[in-house]
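Pasting in a structure now, in structure tokens, and then I'll have a few things to ask.
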Amino acid sequence: MQLSREELLKAYRDMRLIRDFEERLHVESAAGSIPGFVHLSAGEEASAVGVCMELRKTDCIAATHRGHGHALAKGCDVTSMMKEIFGRRDGMCGGKGGSMHIADLDQGMMGANGIVGGGPPLVCGAALTAKTLKTGGVAVAFFGDGASNQGTVAEAMNLACVWELPVIFCLEDNGYGEATATSFAFRGDQLKRAEGYGMPAVRVNGHDLFEVNEAMREAVERGRNGDGPSFIQCMTHRYYGHFEGDSTAYRAEGEIAKVIEEMDCMMLFRKRVTEASLLEPEQMDEIDAEIAGIIEQAVVDAKASPPPSAADLLTDVYVSY
Amino acid sequence: MQLSREELLKAYRDMRLIRDFEERLHVESAAGSIPGFVHLSAGEEASAVGVCMELRKTDCIAATHRGHGHALAKGCDVTSMMKEIFGRRDGMCGGKGGSMHIADLDQGMMGANGIVGGGPPLVCGAALTAKTLKTGGVAVAFFGDGASNQGTVAEAMNLACVWELPVIFCLEDNGYGEATATSFAFRGDQLKRAEGYGMPAVRVNGHDLFEVNEAMREAVERGRNGDGPSFIQCMTHRYYGHFEGDSTAYRAEGEIAKVIEEMDCMMLFRKRVTEASLLEPEQMDEIDAEIAGIIEQAVVDAKASPPPSAADLLTDVYVSY
Amino acid sequence: MSIKSYREAVNEAIVQEMRRDETVIIMGEDVKGGMGGSAGVDEAWGGVLGVTKGLVAEFGHDRVLDTPITESGFIGAAAGAAATGLRPVAELMFADFVGVCFDQIFNQAGKFRYMFGGKAVTPLTIRTMYGAGMRAASQHSQCLYPIFTHMPGLKVVLPSSAYEAKGLLIQAIRDDDPVVFFEHKMLYDTTEEVPDEPYTIPFGEANVTREGDDVTIVAFGRMVRFANKVADKLEAEGIGCTVVDPRTTSPLDGDTIIECVEDTGRLVVVDEASPRCNMATDISALVSANAFRALKAPIKMVTPPHTPVPFAPEIEDLYVPSPEKIEAAVREVVGYS
Amino acid sequence: MSIKSYREAVNEAIVQEMRRDETVIIMGEDVKGGMGGSAGVDEAWGGVLGVTKGLVAEFGHDRVLDTPITESGFIGAAAGAAATGLRPVAELMFADFVGVCFDQIFNQAGKFRYMFGGKAVTPLTIRTMYGAGMRAASQHSQCLYPIFTHMPGLKVVLPSSAYEAKGLLIQAIRDDDPVVFFEHKMLYDTTEEVPDEPYTIPFGEANVTREGDDVTIVAFGRMVRFANKVADKLEAEGIGCTVVDPRTTSPLDGDTIIECVEDTGRLVVVDEASPRCNMATDISALVSANAFRALKAPIKMVTPPHTPVPFAPEIEDLYVPSPEKIEAAVREVVGYS
């Protein structure tokens, strides 16, 4: 199916937003302005965006420790996220969560997760809510190749098949879990495994927004029609280290440079839409400029925001006690 | 490969031992002589025996809550087991474990397990020991169809593939996990799933000792040769309830009677070996009589044994403290 | 009002809440039983010990869900459903199985609210069966509520009788926080008068089941019955026991406990859980920090030994704190000077 | 003897034990790092914080094993290997991850011996990183040792310095029971004199790091440093603090603690773990049961609040018990009369 001009512009904008967000965090991390662990998703924008552009606000996703891209693609507020990552009181989670726990249930974002494999069971719950309340909603579990081996992910896949839940399992296969290559940590075939649980599975080029999106459309349709879960394996790459500070000594020199040159998702997208005369380069340049301003402002705002106060330490544990 | 006369007699004997052991426990349970939960494996003898007859004493197995058959097939002492199940001081585990925790590491029996899916990770450890110490040993994880969905089992299968461990995953698919049918709790294809992790997988008639054994021979050979794990799905039936006391209201009337009539493993075995003139019926009758005596004596001994003493409560927690 | 068993009280609480609120659903392994089975029945078991019998007949398969044997999967799903609009009651068959799904309970459900800056509401109830006495051995007999009590973000409930079970479970289901509801397997057949209409018992309000001047006994779950028994017996001898059933370990009604100890000056804590870092130590520490001047004798803790739960009946019975041991502790504390 | 960091001390303990005993192997996520990677290196990381650096170079891939991200799988495998002849040292990267593998630790490894009637030996060491201070937020900062201490069958070790880390880890590896070894992430860069040769520190023998007449401070892990600091400061003012580092919470050297309290009559317990059913309550209960007459003041517990660990540095620092809070507690206890 052909994406509309509006959809294309939105997709490009979201990818650019994520890319710039992450690249700026890379700089801010190096400068020491960001506390804690930061996992950047630059390079993987096409999967987050290609998937989330098919979702309604009320559809839910569960993200990973590498969750900024998922959150932004799902519509979370940039400034609020930036403040959270900087640990500020008016951040998305009041400064209590940080990068690894970005969440906004109002946007259907059920949270980044510090636990590898933590999200997929939760997403089955969101899908169960949609199914029980007959909202026509679907839910997406993002998880990495490393996470794909966790028992929780296997259990969630099985449960979604048994309960015929509208879940889309989106495996972002970036070739590494921390410093370990997927080729070591997983010896089989992800599609076969998913099919082994009883759901349709497809592998796509995760750098190609169109391919991801096409697979996602089919999966969402299945979900909304009550035909149960689907599995999408997006082959992708992360451009930075596992976390900020990682030496990436496990990677061959120049590997990522080559990926960027040959298959960067922004580049592929631009090429495709201009060649097919779907969008003008100028439209995208405009977006680039706009996003640059947004990110700059978000960082300025985040830096100017106050940290949580002593009293904040003790609130928000229970609704009532 | 043709089994020797000796092997055949041993296989028949082991199956008979398990069957009589379980049938007697069924009676003793109904009479109220056995404390706690008792899960009987009558009907599933061919998988326990067909698998364990290929193992050396030093090869390890991990069993399930339904573990009597596995233990007996692996060579655990009948009387010692019977005493344990009756909760006696000189039982296999000093009366501290009971039916669900029968274990004898000297026989390579790493334990029945009260936790569904608890065993497969442990077996990876036994296989790792064999691999590290280059003993040529293999290890077997028995688990049920219900257990096959547990994350721990998925993790163990993946780990065995990654580390290329000499593990045989023996799925005893008896069609039910407690009162829930496998057709509900699992919608895919077990072989595909195992292959999805990267190991060869085969489905066999779990009532047919020869089929089970044939698959096991190949798997063991792979294991001893350093060619990694294998997966065997044994299709079988349990003749009694999930535990003693189960109404089995989930089963169609007469279902098990039909299974017993048409495919009981003892019956199939007898038929096969007599038709092929491999054994004489009288030889097997003799074994039947011998086993009846052994079981009777074991029960008499168990009933005559004293329970643990107050002091026993406090021992065996640590090796040193 | 009529005589009901603890099992019936739990069942009735669920039924009445499911009637009241359509978003209440239940799930667990064989809470119905029989799914896919050749008999084709809707309910073969109604729970492994029959606690959830009859629910599917009234509420249907959409609200009464059997699960595969994947506790992380379905408890996590319950947490996710709770965070997105349902009010699930998930059954962890035996508390001992928490080892395969603890993450979804304490790192996910229990932390949503705090780590998301107060913006999540997770009205999840986890029902689970605990305690020794069934000759179920070391992996099916543990108490484990101390490790849940340790976790911020979780509420922990230990109903000690049928009346308590109904009121506390209705409260748990209506509560907007994740609640872990511990049902003692040896209490299911105990009975007492239980109102037919729905009622709630608030969390964090201890129940003083006996009043006496000489010693305070704080006890949990099944141990409350034992403590009451001891109190009744000793009353005849002129030893007055105040018995406190905290009902919930988190939140804990420390005030009532402290007040009682201030009155009696002596304390025995009875906890069926393993002795290290358990509720006995928790209560003891609370009291010695806050009622120091009132204490006339060392606090006595009655707990099992630091061993797994054994199988053989003879030693399992020695493992569990008994009325006899409680009585001896009370006598020791009362006799101290 | 030379100055070593806590990180180096842990590393050296492993190296020396691997040299001594061929059955000692190590495993964990990225304990090497780089397996299958395009760079083709044998060791890209040497552990996420570099603790296991250099091991593969000396001991090879057969004894230094990287794992998939499947904690139940590989911790269970370590338990199974321990029960069948190896002496594995498995790394659970962050203690917080125990939620996905607790069963293999407390229901399997920890119970083998008892439930198999004393016939199993499980020389398993699980190394894990714990504690707040790294701005790692609520799923990477917990202490959790109380829930391990609660479990019969597990030994629990909390080394408070580089010297302690080396001696206790060698002991852990040689120990024939399952041991959980908690390394505080904020201690890795702390240094002190550490012998070059192997040595062991026995379990269950507390270390009295300061002696004073007025108050006993019992502290764990990183908190021992804080307690020592406070003791040094207060000594100048004439307030004498005895500081006890129990080293292991299970087994616990209760005798030394009780003796110290009998001498000083006052007790402050400092525990970085969540406050309910934690080591502070455990020690407090022990002392009030066993040193009742000696106590001249209520026992004071210094712990974090009952909240998850927050992310923002400003409030994370308020979360962790600080020397200031310990000092205030000591002053309060000493001033009590």
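Order of writing sets the chain letters: A, B, C and D. Residues in each chain are counted from 1.
Rule of thumb we're sticking to: a contact is a pair of C-beta atoms (placed from the backbone, for glycine too) under 8 Å apart; a residue touches a chain by one contact, two chains touch by 3 or more.
Everything numeric here is computed off the predicted structure, so don't read it as measured data.
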So which chains count as neighbours of both chain A and chain C?
-> B, D
Return the chain whose centre of C-alpha atoms lies at maximal distance from the corresponding centre of chain C.
-> A
Go ahead and note the Å separation of the Cα centroids belonging to chain A and chain B.
-> 45
In whole angstrom, the CA-centroid distance of chain B from chain C equals 36
Indicate the whole-number Å distance between the mean C-alpha point of chain B and the mean C-alpha point of chain D.
-> 39
The positions of chain D in contact with two or more other chains are 67-68, 70, 72-73, 96-97, 99-100, 103-104, 107, 114-115, 137-139, 152-153, 306-308, 310-311
Two or more other chains in contact with one residue: find those residues in chain B.
-> 93, 95-97, 101, 113-115, 149-152, 155, 158, 162, 184-186, 317
Which residues, counting only chain B, touch chain D once they are in their complex?
-> 60, 62, 84, 91-97, 101, 103-106, 110-111, 113-115, 118, 120-126, 128-130, 132-133, 151-152, 155-156, 158-159, 162-163, 315-321
In their shared complex, at which residues does chain B touch chain A?
-> 149-155, 158, 161-162, 184-199
Chain D to chain C touching residues, read off their complex | 72, 96-107, 110-111, 114-115, 137-139, 146-147, 149-153, 249-250, 252, 273-274, 276-282, 284-286, 288-290, 292, 295, 297-301, 306-308, 310-311
Taking the complex as given, what residues does chain C use to touch chain B?
-> 29-30, 33-41, 44-45, 48, 66-70, 72-73, 96-97, 99-100, 134-140, 305-308, 310-315, 318-319
Of chain B, residues touching chain C in the complex = 35-37, 87-89, 93, 95-98, 100-101, 113-117, 146-147, 149-152, 176-186, 247-253, 255, 307-310, 312-314, 317
